[in-house]
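Presented below are the structures under discussion, each in the form of structure tokens.
Two complexes, one shared chain (chain A), two partners (chain B, chain C).
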Partner chain A sequence: MNKNNRIKSLLLLVFTIIGFLFPVIRNDPYTLSLLLIIFVFIVAAVGFRLIYITGRLTIGQAAFMGVGAYTSALLSLNFGINPWLGLLIGGIAAGILALGIGYIVLRVGGVYFVIITLCLAEISKLFWLWWRPVTYGNSGLIDVPGFSIASFQFGINKIPYYYLSLIIMLVALFVMYRMERSRIGIALHALGQNDVLAEHLGINRTRYRVLAFTTASFFCGVVGSFYAHYIHFVHPDQFGVMPSIMIQIYGIAGGIGVFFGPIVGSFVVAGLTEFLKIAKEFQPLIYGPLLVIIMLFLPKGLIGLPQMFFKSSKK
Partner chain B sequence: MLLHIKELTVHYEGAEALNNVTVEVEEGSVVTIIGANGAGKTTLLRAISGLEKPVSGEIWFKGDRIDGMLSEAIARKGIGHCPEGRRLFPFMTVLENLKMGAYSQKNRAGIEENIHNIYKRFPILKERARQKAGTLSGGEQQMLAIGRALMGRPILLLLDEPSLGLSPLMVNEIKNIVTTISKEMMVSILLIEQNSRMALSVADYGYVLETGRVRLQDKPESLMTNDHVRKAYLGEEL
Partner chain C sequence: MNAQDILAMVINGLSSGLTLMLVALGLTLVFGILHIINLAHGELYMLGAYCVWWLSELMGFNYWFAIVLAMILIAFLGVLMERYLFRRFRAIMVPSLVVSIGLMLFLQSSILLGTGMGDKEIEPVFHGQVTFLGTSLSLGRVIIGAVATVLVIAVILFLKYARPGQAIRAVAQDAEASSLQGISMNSVSRLTMIIGSALAAAAGGLLGPVFHLDYMMGFPVLLKALLAIVLGGMGSVVGGVILGSLVIGLVHSFATTLIGPEIAEIILFLIIAFILLIRPSGFFGMELRT
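Right after this comes the complex of A and B.
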């Protein structure tokens, strides 16, 4: 057990160092931009899992990315609010919305909750589309300002953005990891496994679920806001049902049972997306069966693959 | 009087589940409530634990009025609840399940000692400490559920259908456990059962609950000879 943990933290350290050194090794704008988008989705996918462990499956997380993105972009465009502050405000806006919505809808379970979150993703998209005087609807928000430190503008060079997204991801992962390992995390797992019993032991069902939902959505808001200031453009289509479903695919394909599953899933599936760019609109045709195959043959997700291999070779 | 439920009326999802129910549990005693499915037994326990809000009536525990208190606070006051059916966290180990029993406890120092005591009482749980709770047999699961409820060092233990789904041999074992807990660990017990014969054989006092009302109450010896109880609950031909 202890040895396992040591190996795990060593691996983690190695990956973090690789993450930080990567631009030095390979300063290729294309790879860097791909990686920093993967980091964004890792945060969303790990958040998806945080909600999942309380026994609630959501396919609406992109809605909160949208709230973060639009809040922060609109504030910087209309009131000149600094994007750095926008990251935080975007996160808080998404968190507050999640708190309000979560308090009502998290009482519902099973497939009903899934449908509600699906609607949430779609409604949020329609909201941005129809609130034209502010969001310019289908035209989207253009020329969203980027980040800057003093007089240094994060510009054409991808490296500053890469590091920013890496740091945001590491902070978000650290907070969610610590949360899951804490007393709160025990309560979240307890709710997922047997919420009636958890309630008997004095764990308030709604309160703890709202906590997980709000935390995950806060970080979705932060990365959404980052995304807006990175590509300088916000459009309703970026945050509809499809990205929400992608977040879910990253989480489940990677392995929803363990913290690092969604991280692996994001790398593999998002990498695959790049590979499949040739397929264009036929991509869903590939994802669908892929997800089904993974669920059928790899119930623990991609992260369970080495373990399965190890076990079968042992026999 | 350890627990005094006074004229309690509770509605469950709109329907009347309990009507004017009065139940008393003396310190150190085993009190059983028998009744059919839907008689309101589980609702009564949930109301004691603060999980259902009564429409009217009062619940007193150790001289304090506890209806309207939060369930965490009630658990901390010394009421342990062992719910019916899915009693465990299946993907947690036996040890983790036991620790969950002390989740709302403020004093975290005594936990190790409690675990030690429970292992002494149920050696099989120590053997299976690192095993996932979902892999235990039905009887072992029930033992773990009771052990977990004892982790909170309750003064009063609410047991909801502990014999449900167990083999006759295990039912007997549970009966022994109930006796041990009450006599040796000095924990009062409010036992709810459909297995009326078992329940009445361990109890000091019994209530018969029918469609939300107390139909009969008496010493178990008298209830066992009551015609209505014999016919409806003990399955005897009269």
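Right after this comes the complex of A and C.
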């Protein structure tokens, strides 16, 4: 283990401890709920990156969040299924759907894949709007039950939800990190760099891409389901094209090249908009120019900023 | 269901297909020359509509004059976009997509900031109905279709016979070879953006009196235009787009009337996804350029 790696793991440990102690240091419902949403989007953005490294850019990940959210919310509303189980079922539903769709669409590359995923996001939203007898269309699902442990209801208290989302995020990140560092990850990177060559070396293009797609979508489903039980409300607009674009912004703004890029991106972009206290409708006014500026001047994303600084100071 | 209903559906479909064509033509031209999917193209349409609203309702210009002025203004915006952004990202997929998404978000929210939430309407210039083969049609729709047809034909003639138009086609065929022939890549891509933006603005201005203006109105149109050019074959300059837009317009009009609006769009998207999977080069057999 070299020095760089040791610093990295130390930093990680510090951040995880801060994450766990945060509610003790500052028990403020507003900050907690902000962090909680950031955690949800971090999972989605890291999943977006996992697909991206295989050479496929997707603008449809929110569709899988929607599948998780609707599955789990409908099961708990109509059949009284426990939300804890719902988290898993939501994830599995999204994963199975991703498996099926992935086998078909991941064969198509480049711009075509982008358009297909864009369609996917829009289709999923229209589908929830259309299936009125079950999803209540534009009115959305209300009174989605929250989590409880034995007789302890999570209720409106933010702290249990905060810990739950933190744990979900850490598990998802751990799985995706290990995946990228394993043999599978090497195969995924190889596909992204040159998929024809990779296939000649015995890496099955479609199968590995489907694996990445399914893993990312499974976690998207889980966080989608968590989100539904957390805000007790599910609406088609939460899972259209816009949230998918947001996931992409978080991923790319932070730096798509490294694993921790999307994490930094989510914190900085979401934190910045919160800090500037902009109304929701006007937030794109910041995101738009931010994306353009990052693409023009920081092709490595925000995470490349210190690196650039150090390099120039060494010269 | 009688013959008149069917005729009404066909004419509605053709009319929306023709205006869609204006947006799709620009999108495919830009894709053919710059190899960029400009996701902000729908916003040029939206800005065109707002520009016409601003010029005709607030400044009191004549509607047609307002459309022409809006086309010029939006074309100028397109030139700026091309000069400072798209030119740098020619044929690099990820950054160019991200930049165009950035532009899309920025233009949408700046319009929201500039004009507020409330409903904006452009006063229709033409009222009344015309009767055609026993079906009564709104005069406004017919005129929109006619103007769109004239514009499309003008663009086709320009691409076919004018020297700058021929240069555009040459670059779309082989950028390197046409550079060697002395065609300036930059001026061709600027010209393409001018044509594309002006057409999108015209479509927005024409359809403005039909719908309410809304800062999000560009995105659905962009999606449909994308579908049209996918159907016709990406980057194929003219033929495919024209057929694609008409098919999208007709399918949409029929499905909306027969089975309802949301499921109509779902069907449309599914058809397109299917076509992309079996024939990425487009349904009408245009050549795929990479």
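Quick note on the criterion: the second predicted complex is superposed on the first by the 309 of 315 C-alpha atoms of A that agree within 3 Å, B and C clash if a C-alpha of one lies under 4 Å from a C-alpha of the other, contacts with A are read in each partner's own complex, and residues count from 1 in each chain.
Here is the rule we use: a contact is a pair of C-beta atoms (placed from the backbone, for glycine too) under 8 Å apart; a residue touches a chain by one contact, two chains touch by 3 or more.
Since we're looking at a predicted model, the values are computed, not measured.
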Exercise. Does chain B (first) or chain C (second) touch A:287, or do both, or does neither?
Worked result: second
For this session: Using the touch definition from the top, say if A:175 reaches chain B (first), chain C (second), both or neither.
Result: neither
Exercise. For chain A, which side has the bigger count of touched residues, chain B or chain C?
Worked result: C
Exercise. For A:186, is the partner it touches chain B (first), chain C (second), both, or none of the two (neither)?
Worked result: first
For this session: Look at A:197 in the shared chain and tell me whether it touches chain B only, chain C only, both, or neither; answer first, second, both or neither.
Result: first
Exercise. Is A:258 touching the first partner chain B, the second partner chain C, both, or neither of them?
Worked result: neither
Exercise. Regarding the shared-chain residue A:245, is it in contact with chain B (first), chain C (second), both, or neither?
Worked result: second
For this session: Quick one: classify A:104 as touching chain B (first), chain C (second), both or neither.
Result: second
Seminar exercise, completed: The shared contact residues of chain A with chain B and chain C are none
Seminar exercise, completed: Note: in the complex, chain C contacts chain A through residues 37, 85, 88-89, 93-95, 97-99, 101-110, 112-113, 117, 219, 223, 226-227, 230, 234, 260, 262-263, 265-266, 269-270, 272-273, 276-277, 280
Problem set entry | Complex contacts: residues of chain A adjacent to chain C | 57, 104-105, 107-108, 110-112, 114-116, 118-120, 122-123, 126-127, 129-130, 241, 245, 248-249, 252, 256, 281-285, 287-292, 294-296, 299
Exercise. In their complex, what parts of chain A are in touch with chain B?
Worked result: 183, 186-187, 189-190, 193-194, 196-204
Seminar exercise, completed: Interface with chain A, chain B side, in the complex: residues 49, 51, 70-72, 75-76, 81, 83, 85-92, 100-101, 103-104
